[in-house]
Amino acid sequence: MNFEIAKEPINTQSVIDKVVQREAGAITTFIGTVRELTKGKKTLYLVYDAYEPMAVKKLEQIGSEIETRWTGAKVAITHRVGKLDITDIAVVIAVSTPHRADSYEANRYAIERIKEIVPIWKKEHWEDGEEWIGNQLETKSYPTGKPEEEDLNE
Amino acid sequence: MNFEIAKEPINTQSVIDKVVQREAGAITTFIGTVRELTKGKKTLYLVYDAYEPMAVKKLEQIGSEIETRWTGAKVAITHRVGKLDITDIAVVIAVSTPHRADSYEANRYAIERIKEIVPIWKKEHWEDGEEWIGNQLETKSYPTGKPEEEDLNE
Amino acid sequence: MNKVLFFAHLRDTVGQESITIEAAGKTVGQVKAEMSEKYNLQKLDTVMTAVNEEFASNDELINDGDEIAFIPPVSGG
Amino acid sequence: MNKVLFFAHLRDTVGQESITIEAAGKTVGQVKAEMSEKYNLQKLDTVMTAVNEEFASNDELINDGDEIAFIPPVSGG
């Protein structure tokens, strides 16, 4: 299971282990952690929620997209749900490829794509309130009701 | 000690742990592993050697360069020396930053810079021979005897 | 019968994780409009819909038993 | 006295990790040329030099006690 939604803290090494391969010269990982300050505002904690079965499918889809686009790439992604404190890990993305440039690019692609199509939401809790975070600028709309291919290339 | 030359296998998690910070929303790691095939030729194992005290200084320098260039970045790098088998880890670079784009860029900068100025060499061992690997294309020369700033921006 | 799932702020507004409705033969867009009216949901043009865990266009027809989910702008990562 | 360190293929060619010479007053370039001649070292234009663990230009003067290292193109990572 290279693509998971986790209710418990993520073990980064176990995600990395899934992409080890003899053909790989490079493994990149992205670890998304809960930051204390966003635009000067102090976060107390976050709560992540997911539409779990669909989220897993969409993570798998991202993996397939990467393996198609970057030959020889191997991908594993685990995203946490539930309550997370500052510095806790929300997501770990591991990508291995034969050559390093691909590994950085494919990893970056994965996180951007997660923020696009994977049904996971975070609720920020501050001292003076709480809010579900969406597309913060509220500039995005889906006239057909679903994300389009060009949403990726903003 | 955020910058180390290691004679024993590198524990990736311990390198990551050095860059955890409350201000960080992103940690990227680059893990350089020994690939079996390079240009169709099968590697049996590698031996890395380093001019150790200078290598540590140059890793520290790369860390300083990154912390100057990417505000809020924190960096840790461990490079292995000695005999490494296929899939063994040669180097781990961990970079944390407030925002993710910086984390990828700064990490990429670190590995490129390592390949430029850190006195570490690898000897490839194949079934039919062995060779110290340098600048493989042999296109690079140092007319003044030291690397220039523009060597970075190739 | 069709299960309709709500997430994030939609769930807070609706006050339930899911409801069950009769939507067979309707389009995604029609169901969306009905939910919008019934629960006074805002900014539905930024909300995607999934049918059976796959994104669906507003003109897609719902079959009996399909699971419908309203997906507000996501914020994982 | 000055210690001179060799690495990678230079070490293989020289057959020693380091030697000790008298280089005070000479430039890095002069020492490089002497080593090149003595050990028949090839492609020295691709070899960098460090003095006391810092890269040094060919025109830098060596002081007594300085540690000199010849740094072939590196291949870490």
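Labels for the chains are A, B, C and D, by order of writing; each one numbers its residues from 1.
Rule of thumb we're sticking to: a contact is a pair of C-beta atoms (placed from the backbone, for glycine too) under 8 Å apart; a residue touches a chain by one contact, two chains touch by 3 or more.
None of the values given here were measured: they were computed from a predicted structure.
Put simply, the chain farthest from subunit A by mean CA position is D.
Separation between the centroids of subunit B and subunit D, computed from CA atoms only, is 24 Å.
Mean C-alpha positions place subunit A and subunit D at a centre distance of 49 Å. For subunit A, the set of residues that touch two or more other chains comprises 32, 111.
Those residues of subunit C in touch with two or more other chains do not exist in this structure. In this structure, the chains touch in the following pairs: A-B, A-C, B-D. On the subunit A side of its complex with subunit B, the touching residues are 12-13, 16, 20-37, 86-87, 96, 98, 100, 103-104, 107-108, 111. Across the complex, subunit A is touched by residues 5, 7-9, 12, 28-29, 32, 43, 45-50, 53-59, 69, 71-77 of subunit C.
Per the touch definition, subunit B reaches subunit D in the complex via residues 32, 48-51, 53-55, 57, 79, 90-91, 111, 114-123, 132-135, 138, 140-147.
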